[in-house]
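Each of the two complexes below includes chain A, the first together with chain B, the second together with chain C.
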Partner chain A sequence: MAISSVARVGAMAALTALALTACSTGGTDAPGASGGDCAPSDGPVTLTFTSWLPGVEEAVAIWNEENPDIQVEVQTGPNGNGGTYQNFFNQLEAGNAPDLGQIEFDAMPNFRVQDGLENIAACEGILEAESQFVDWTWSQVTFGEEDAVYAIPQDTGPMAMFYRADLFEAAGIAVPTTWEEYEAAARQIREEGGYINNFSQSDINAFAGLVWQAGGEWFSNDADGWTVDMTVGESAQVAEYWQRMIEDDLVAKYPPWTDEWNAAYNSGELWTWVSAVWGANTIASGAPDTAGNWAVAPMPQWEAGASAAGNWGGSTTAVLKGSDHPYEAAQFALWLNTDADALTAMNRTANIYPATIEGADLPVFDEGVEFYGGQKIYEVFAEAGDNVDPDFTWGPTMTQVYNDVADGFSGVLAGNGTLLDALAAGQESTIAALEAASIPVKE
Partner chain B sequence: MARDTAGRPSRAVRHRAALAVFLVPFGALFTLFYVIPIGYAVYQSLLTVEREGTFGPAVQVFGGLTQYIAVFQNELFWNSIGRVLLFGVVQVPIMLGLALILALLLDSPLVRGSRFFRLAFFAPYAVPSVIAAIMWGFLYSPNLSPFTGVTQAVDFLSADAVLWSIANVVTWVYVGYNMLIIYSALLAIPQELYEAARLDGAGQLRIALSIKIPLVVPALVLTGIFSIIGTLQLLAEPQVFQSFTSAVTSTFTPNLTIYSTASVPNISLAAAMSVVLALATFVLSFTVLKLTQRRTAR
Partner chain C sequence: MTATTASRASRTARRPAPARNGGIRESAVSRTIAMAVMVVATLYFLTPIWWLLVASTKTRADFTTTAPLWFADFALFDNLAALFDYRNAVFLRWLANSALYAGVGALFATLIAAMAGYAIAKYSFRGRETLFNVILGGVLVPATALALPLFLLFSQIGATNTIWAVFLPSLVSPFGVYLSRIYAAASVPDEIIEAARIDGAGEVRTFFTVATRMMAPALVTIFLFQFVAIWNNFFLPLIMLRDESLFPVTLGLYVWNTQVSQIPDIRALVIIGSLLSIIPLIITFLGLQRFWQSGLASGGLK
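Up next, the complex of A and B:
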């Protein structure tokens, strides 16, 4: 017995060592294209594409029909911060990531820092495509560098205000155009028994969109490293504004994206939602009983007469590190996000608003939307899109930032501290997370 | 295991070959699904990342115990361990107490229809814990619950109450399972003991207190240790509850903390946390085992 058990342990140890060496060497080599070379593959290829866009299969089916030699298989998953990014990071670590993945603008620096993106600048037609895209979206995928393209922009999330036109009219309350009027309206709506809005404790990217609109910025970087500034200037201004709304009970506190939250919109308790263009789909599916009663207006402004807009969300299609077919993957990504049929299909199923300049002129964006009383809502978003500050930088660990600030915000709603305290705590943990990853931080 | 005589080596060899045949399936699976992943986690936990410049590529280098130092300095991680320990101190005794009472009732000759009740009590365990959490999440919801009269008066999903709301879900799911283990221990008690007790004039209550409970202590210890392990590893229920309430933070339980650390992604720190959690679980289970063994030995 002694001999055989020693032999067994020995065999296990050998196997473990083998597995460990295999894993440790697996991480260091980087197959696929670098910036300097991007050649077509021989013969037919099959690409895998992970996305959480509802109905993206329809657009992909158009491509598959036209390109029998480059077939794309769609894998769907939860939204990025909800799990797909973590899957991507795990797959990248294991070396079996899909060829293509949906990545939001705010997560691009995270994937860049983790070396998860192929630079497809050398692939045919990619650099030339720059002129087709809205300026700020292109700078988000190139990080402002020459000869670098890390993804193809897909859609943007210009923000506006969805509001219950019928309720505002019946109560004789003017639709607010400034944040000051918004607060005044909130007090009147409270007397009617409703809430003007819900304060979302977990949509920190929406809060960032409000800061973006106000002209603030949480992150900046240069060659020497990153700066984190979440508690000063416009960020503090926005935090203090919503802090007052929370303290005066002018906003509801439903956890967002829950059935309770949908029910509050469906029942007419909530009167507005300051959200992105794709939110049109969220309300329509979450509050079906209110069809026809909604309208869209530009975001309330900090200065009367201004027209600043924020952005919430917006995705890219990235070629992930280790893809065997970066050329074909890049061609598909470019087609998916520039082809009129593909963009129309994705708008129909997911209300996406394209990142291309021409995309905004597609017939579908000129139509009135029944759910919004026949209003041509995309005109409002098109104007908002033009008024989004193009220089907004995301940090390299946004999933962590969102988690930590959301934990702080939900503490605020439970009565602990203020939004500004939560942002300060978030800033502290963000700097700690960056330092843990050896990402240079400037104090 | 040496060869018994020089003339009959084949029997020992055959014996050893048979041993190998029986051990290989276990050994292979054990290696593949326990030894290698644990070894890989330990290996990962010893690494740290270095890079140069704002977007410099990351290089993993050996970092010794750097990640473990970070784990011990991580307040949120220890808060989450404290939270599940508090959870366990309250929930495990309640659950096992209930399981014991139900098992004793089923075993009592005075209760009719014990077969039906045995199945009924066990049925919640057949519900996957994710589904159970979703169901209870709706039951707790202030506006969607069928019992809005109660849920609008008491907020089961508030920051103060949500831990105990989750404890209730866990109890609901596992009480039947634990009851079944205790019940089968009760069935193994020889009938002679009961006869002797009855001859001495003991009633059902006396039998339960003086014979049944002392004899099922090993089963209670076993279920207790399983419950401690389960408590420290709470993940599914709190994660599901995140979609009902924001009171469940991303660092609510140790496993959620590890999950959100891995999504940063900071895999080495998450690996170190996992190793520390595994060791803490082991130490706690072992301590409970030792303490109870000493008590029963006396």
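Up next, the complex of A and C:
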């Protein structure tokens, strides 16, 4: 294990170096968004599709059976930030990228500014598919451009609050519906000897989800370039809120995804987790002794009576630049992410939560979940998905943003500075990274 | 590997330092300190392996709820069954791939390094030192830095995502050439080569029947180093391979590990898989260390 982690650090260092060189040669101007035409190829075609979804072959097998002339070959690798994105960029450079690739929402702008995506808007049925998808996901794959669709949304991670229904009830604490109540509950829970939540030093995308819910935005862009705003408005509000929670010792500080972190949930020390829909399995697996005691409620709100939600995670199926068969690739991508059988198969093997409106009504999401006391938890998430702000924009260098802000957040938990300082430092290094990649930044 | 190094080192530590007549025995204090350092080092290296062994025997529930360094309900065989059952035993395929890349790759790498080192040591030709220095320079270039250029080269001939993309680059071992040259120069006397020539043996035959036997300990060392290097090589397969059935075990486990947040259950498979993946290394080391040790010892006598 020691050896592999060393190798991983080495790999990460190399990846970062490569990413920087790749960016600096990439140039500034992402080419125009001409839809062009999208005609079917003659004769049978074989498409390659790289995805790290476990078991995605099962869904693909259904397609291959029904479409003998458009066969799809699955290729795999580690998750995006674990190496597959860098592989895509290498392959785009070498001209042997797969026809289709899995790309998470927060990595889409990176591929867009480096011109790694085919615009499939002109392909049959793609523009019309917009109505099938949950609102916010579509703006993530069009970037707000006219006549442009760069990927088909696959899955989402609408956020809600997992909480220990039994503990709240036994202690006579009301389940919080606003962040104000959440803080008050945190103080009461502290008196009971527990913590209301754990502050994650490394899940920066979860923190971004909280900012997203509050109506904030870290990035925006227009014709003149990118704006980075991590320290103002709602982002500052969220940072100050959690800063207070940290300073008053109302949240635990376990490194997330570790044994200690699981153990803290399993022992009942931690009472809630504000997380995405896929977190349902994380808790069930990490805290088996607490089965039946959990429930799910909507995220606490900044304004009483509101129903805003954030999103954490989710991916798309994109047609990568240089594909010889964009028409067939687009058809497959659309089918994969809208067909009930395909979605059911991917949910079974990889726990995905579909990005389509109808996907939320699949039979599998209509059942009560035993771990959550039989509650139909997916109803909460479906509603959350409808309440995610569609105008949230990711930056073109999210991997770097996550790493730099995580460094800052770890420092905060160790007692150095505040979350707002960490965001300010992250903003500075992000602007530097954008400029180093020749991506125009507005002051 | 760590265990054997440590035990050998401690044996060396106990042996009296080479001295003129009679020799001076080390003082009890320095021996105790040396022992203590060795014990700490051994614990430091063995604890993670112990953790891995213990964690491999636990059920998913016990894994998070019981003490990490001691056993709970024994579920090793269930875990193994789950590992071999997952995705049509793809893990066994990965083990076989690693064995192929590392075993055959190290064998050929050793042969090439031995020939090159022998040639540089025993034949004088124009540019010999330059050639050797260039090869020696190769020792300084980390394999990771070469992965991307290799990817672009293999892309040009359309050979990425094939066995060759991982196999061919592992055939070169500049360090092996260096070691072979030094060892051939020291352990294969020119007189023996002369004698073989006079007896009518060709150069190739001389190399295979005479030189390789005398170089055997060095060759075992090169084989071991290269075997471990290829087995642990991660970055090159990561960049080159996309087809799951070609993955070596390191890349396969890494890929699984990145899926843990999506499928928490997979974590148990990563753990038991990691345990299995180090066993071949341990076996290779224990099996070959006999040759290796005698090599070092006989080298020291000269």
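Throughout what follows, the second predicted complex is superposed on the first by the 401 of 443 C-alpha atoms of A that agree within 3 Å, B and C clash if a C-alpha of one lies under 4 Å from a C-alpha of the other, contacts with A are read in each partner's own complex, and residues count from 1 in each chain.
The rule is short, and it goes like this: a residue touches a chain if its C-beta (ideal position, glycine included) is under 8 Å from a C-beta of that chain, and two chains touch if they have at least 3 such contacts.
Computed from a predicted model, the values in this text were never measured in an experiment.
Trainee: In the superposed arrangement, which partner chain does A:Thr76 touch: chain B (first), chain C (second), both, or neither?
Mentor: Touch partner of A:Thr76: chain C, not chain B.
Trainee: Now for A:Leu167: first (chain B), second (chain C), both, or neither, which partner does it touch?
Mentor: neither
Trainee: Which partner does A:Asn266 contact after superposing on A: first (chain B), second (chain C), both, neither?
Mentor: second
Trainee: Thinking of the overlay built on chain A, is A:Asp222 touched by chain B (first), by chain C (second), by both, or by neither?
Mentor: Once the two structures are laid over each other on A, A:Asp222 reaches chain B alone.
Trainee: Touching A:Ser438 in the superposition: chain B (first), chain C (second), both, neither?
Mentor: It touches chain B, and chain C stays clear.
Trainee: In the superposed arrangement, which partner chain does A:Ala355 touch: chain B (first), chain C (second), both, or neither?
Mentor: neither
Trainee: Report for A:Leu343: first if it touches chain B alone, second if chain C alone, otherwise both or neither.
Mentor: After superposing on A, A:Leu343 lies clear of both chain B and chain C.
Trainee: With both complexes overlaid on chain A, does A:Thr397 touch chain B (first), chain C (second), both or neither?
Mentor: first
Trainee: Could you tell me if A:Asn281 is touching chain B, chain C, both of them or neither one (first, second, both, neither)?
Mentor: Once the two structures are laid over each other on A, A:Asn281 reaches chain C alone.
Trainee: Do chain B and chain C land on any of the same chain A residues, and which?
Mentor: On chain A, the residues that contact chain B in one structure and chain C in the other are 1-4, 8, 11, 90, 93, 257, 259, 263.
Trainee: Name, in rising order, each residue of chain B that touches chain A in their complex.
Mentor: 1, 16, 19-20, 23, 27, 31, 35-36, 39-40, 43, 48-51, 53-55, 57-58, 60, 70, 138, 141-144, 158-160, 243-247, 249-251, 260, 262-267, 269
Trainee: Going by the contact rule at the top, pick out the chain A residues touching chain B in the complex.
Mentor: 1-4, 8, 11-12, 15-16, 19-20, 23-24, 27, 85-86, 89-90, 93, 112-115, 143, 201-202, 221-226, 255, 257-260, 263-264, 397, 399-400, 403-404, 406-407, 409-411, 413-414, 433, 436-440
Trainee: Applying the document's contact rule, which stretches of chain A touch chain C when the two form their complex?
Mentor: Residues of chain A touching chain C: 1-4, 7-8, 10-11, 14, 18, 48, 50, 52-55, 75-79, 82-83, 87, 90-91, 93-96, 98, 257, 259, 262-263, 266, 278, 281-282, 284-289, 350-351.
Trainee: Can you check the complex and tell me which residues of chain C touch chain A?
Mentor: It is residues 48, 52, 60-61, 63-65, 68, 87, 142, 144-145, 147-148, 151-152, 155-156, 158, 160-161, 232, 234-235, 238-239, 242-244, 250, 253-255, 257-267, 274 of chain C that touch chain A.
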